[in-house]
């Protein structure tokens, strides 16, 4: 009898505990009407500087407008962001402003109904007038604009100026000249190209540059936009060129086990001659120095292949969307407008890394080389392309990158690699 | 020369060889199992310059800067506090949930005993990755996704089966005479449990709690999937960042990071090593 | 009043519940409820979900029947991962279990000096998270700055140097051996305790008969340790089925999917590629494999080990 009494009391206690638990859980989604509008900004911070800059942006905004529109930031590092983005966007309390990707990833977000149409805000604030044209065209899907680019980048061939001088080499204007320079570097005991492909995304930069410049931008757009199958002979041929480069020791030894960060060491030690990579590495090249770069280096765009006019890859590195379900879209747009304003963009250059997406951004604080690249990007026009992992959904690009890495290691043939990518593409988007 | 002398000589040679072999083996074991840890400790106090001089270079200017840098940039104070909360609350809850079941299974002819043991084994063996999607979905429905409470509850639920086994092992070894007397005097199950079994099981509770604490401290998958916000991350998930090229450029930062992540466990290890490593818990599982 | 069900006959549940209300509620119903919510329901939901296509975001799921399973059988990444799981299990059964047994034997027979030190250093990695262990070996096995390659070269074994994580033929073994390194302390402690339980006379008798260490180990210790081995094998199986953390921190499946294990593919397909239905189908495959192996082990080895 005493036992049953205790049990009842215990049950009551449990009920209280359960109620407590659920009430604390309920705190996760508070919705108080009073006070300023609360905005949540969810962003990707691949570099320490990205976080410092974002915090600065938010602080300055809150100082000025915090009583009206208060912004709270939350960051996730580069790679984790890919998985967390979906989770966050689909949650019951999604962020109002968030980092998106361009290309296929952005398209996925749009298709799932998470992205607000920003066309009205483009008109209201006149963003188009000062954003780099290439980046605006990347933001346009159909006839609507869905994101605002805040940082753009380009992929170029970085080369060691001092080593070029030492070997008496000239900046190449054709692919054949580039290969001749690479051979000369190899003879001198250097690694002709750094690849640093451990995380498997680096090799796609060279792959897509070769494909675009050899077979034209249309071919590339056809591949990533699902009008040309990956088994197309042109894609196979490009993969084969990459495989041959690997076979001919054009890359550093163990290139599939070295990550981009550690590769900076042999790069600064002068062990490699070229590195085809994105401009987002400028932060790394700059090192501890105020201005780029730690070692004497310069860049040239991927040279012309088979006599065609070369196309430079310009892509939107950081892009911002507003959540379709956000109750405060207008306020969010106001915050986004601040992010791409001249003072914010100038500050980004000082704290974070190039390049601002705004043509109004003041590049004069940068080194001569960086300024030159900035001008070339702004002048690249709308004809440009982004890399596979931005252009296609993750399932396809992951399979593509896996296959390419396998080809470079000599584990599978270029044909098989493209077949595997196509199989995955068929699964994701259906047969062509 | 007498035979005994030869024998004695042989014995000496044998002893010497045995001792030599023993020390060689010791050296190998030390190199394999503590070598990596020592290397990491050394790397963690190297300056960038010293690091580039090679993996075995002696740090010419030992510095704690890597510790300070990695502490700040990963936000270790938050990560450690979170892990401590998960490990403490999760283990405590798991032990509390397991106490009465262990009491019942160690002493009574519980109906469906075999079935219950089957369930315990299932819970123990279940590869966590197979239930990630439903757990994720359930927590989302309950608005417990990306909350500390959500993760604590999951840890408690998955810690419970092992705790039942461990505690049952301890309780089985408690002699029955005392409780028999108590029952004769009309004590209830609760009284026997509370007044006799519970105090006597304290060593078992300590061991169980400690093992569970370490298990949660090491746990990674649940934290990775069921949490989104950095302010909720445990150490393991927060440390994943260290394998990005942003930290892997110079190894002193990741090295310092993983030393920091291990310190609380080292403290716990020192405090409870005797209890755990003496094999008591092996006995507990054997029952 | 409550002594009647303490032995022998198996009572009905309600009779038991009436007599032991406290125990029934907190000892049976509560743990069963927790189990149902966090283990039972998830398993059933996983099986159910494996028949659907679902991106995890939309409320509606599309029924596709056995399509996910059909695809799984032909998926090269799945096949590689499945085989990798077995390779992993083979390595962890061989290296840490064997090493643990030998070290425990050496400790008990005073072959090794400084037994307390040995036990501590070998058990210590058991307390490390696999994330820390993985990071540590990433540093040590790095092709540019790693210590391991330097050691190999300096002792004239430079020809053995390979890309420990980049070479697709060795990478999965590298991971499995690292996991074995971290796990050896577990079997060692179990065997150490087990050997302590073997009556001293058994060893003495063998020694008098002139048995060397090898014979003592194989003819005396191993048979006596059979129940311990059962527990150790079981633990090793759990550990290898959970081969996720190391993959996540060290390789993420690279090079080109050759270090994927089933658990990691579930994560990739569900949370990266947002194919929750397909992820669930692979989960069911893991469940089936683990249940099968557990049954085999339970039948063959576990007799009496848990003494239920």
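Brief remarks on what is shown
Each chain carries a letter (A, B and C) given by its place in the written order, and its residues are counted from 1.
By definition in this document, a residue touches a chain if its C-beta (ideal position, glycine included) is under 8 Å from a C-beta of that chain, and two chains touch if they have at least 3 such contacts.
A quick note: this is a predicted structure, and the numbers were derived from the prediction, not measured.
If the chains shown are joined wherever they touch, the resulting network links each chain directly to all the rest.
When chain pairs are compared by contacting C-beta pairs, B-C ranks highest.
Across the assembly, the mean Cα position most removed from that of chain B is the one of A. Work out the mean CA point of chain A and of chain C, and you get 37 Å between them. Chain B and chain C, compared by their mean Cα positions, are separated by 15 Å. Centre to centre, using the average C-alpha position, chain A and chain B are separated by 38 Å.
Counting partner chains per residue, chain B has residues 188-190, 240, 248 touching two or more of them. Touching of two or more other chains is recorded for residues 3, 6, 87, 199, 262, 265 of chain A. Residue positions of chain C with contacts to 2 or more other chains are 22, 26, 56, 142, 145, 271. Residues 21-22, 25-26, 55-58, 71, 76, 142-145, 163-168, 252-258, 268, 271-275 of chain C touch chain A in their complex.
On the side of chain A, the complex with chain C involves touching residues 3-4, 6-7, 10-11, 82-83, 86-87, 89-90, 112, 198-200, 253-258, 262-263, 265-266, 393-395, 398, 402-403, 405-406, 409, 411-412, 420, 427. Within the complex formed with chain B, the residues of chain A that make contact are 2-3, 6, 21, 24-26, 28-29, 46-48, 74-80, 84, 87-88, 91-92, 199, 259-262, 264-265, 284. Chain B contributes residues 52, 73, 140, 142-147, 149-150, 188-190, 228-231, 240-241, 244-249 to its touches with chain A in the complex. Contact residues of chain C toward chain B in the complex are 1-3, 5-13, 16, 20, 22-23, 26-28, 30-32, 34-35, 37-39, 41-43, 45-46, 49, 56, 103, 106, 111-114, 117-125, 127-132, 134-140, 142, 145-147, 150, 181, 184, 189-190, 192-194, 196, 227-228, 231, 234, 237-238, 241-242, 244-245, 248-250, 262-264, 266-267, 270-271, 276, 279-280, 283-284, 286-287, 290, 294, 298, 305-308.
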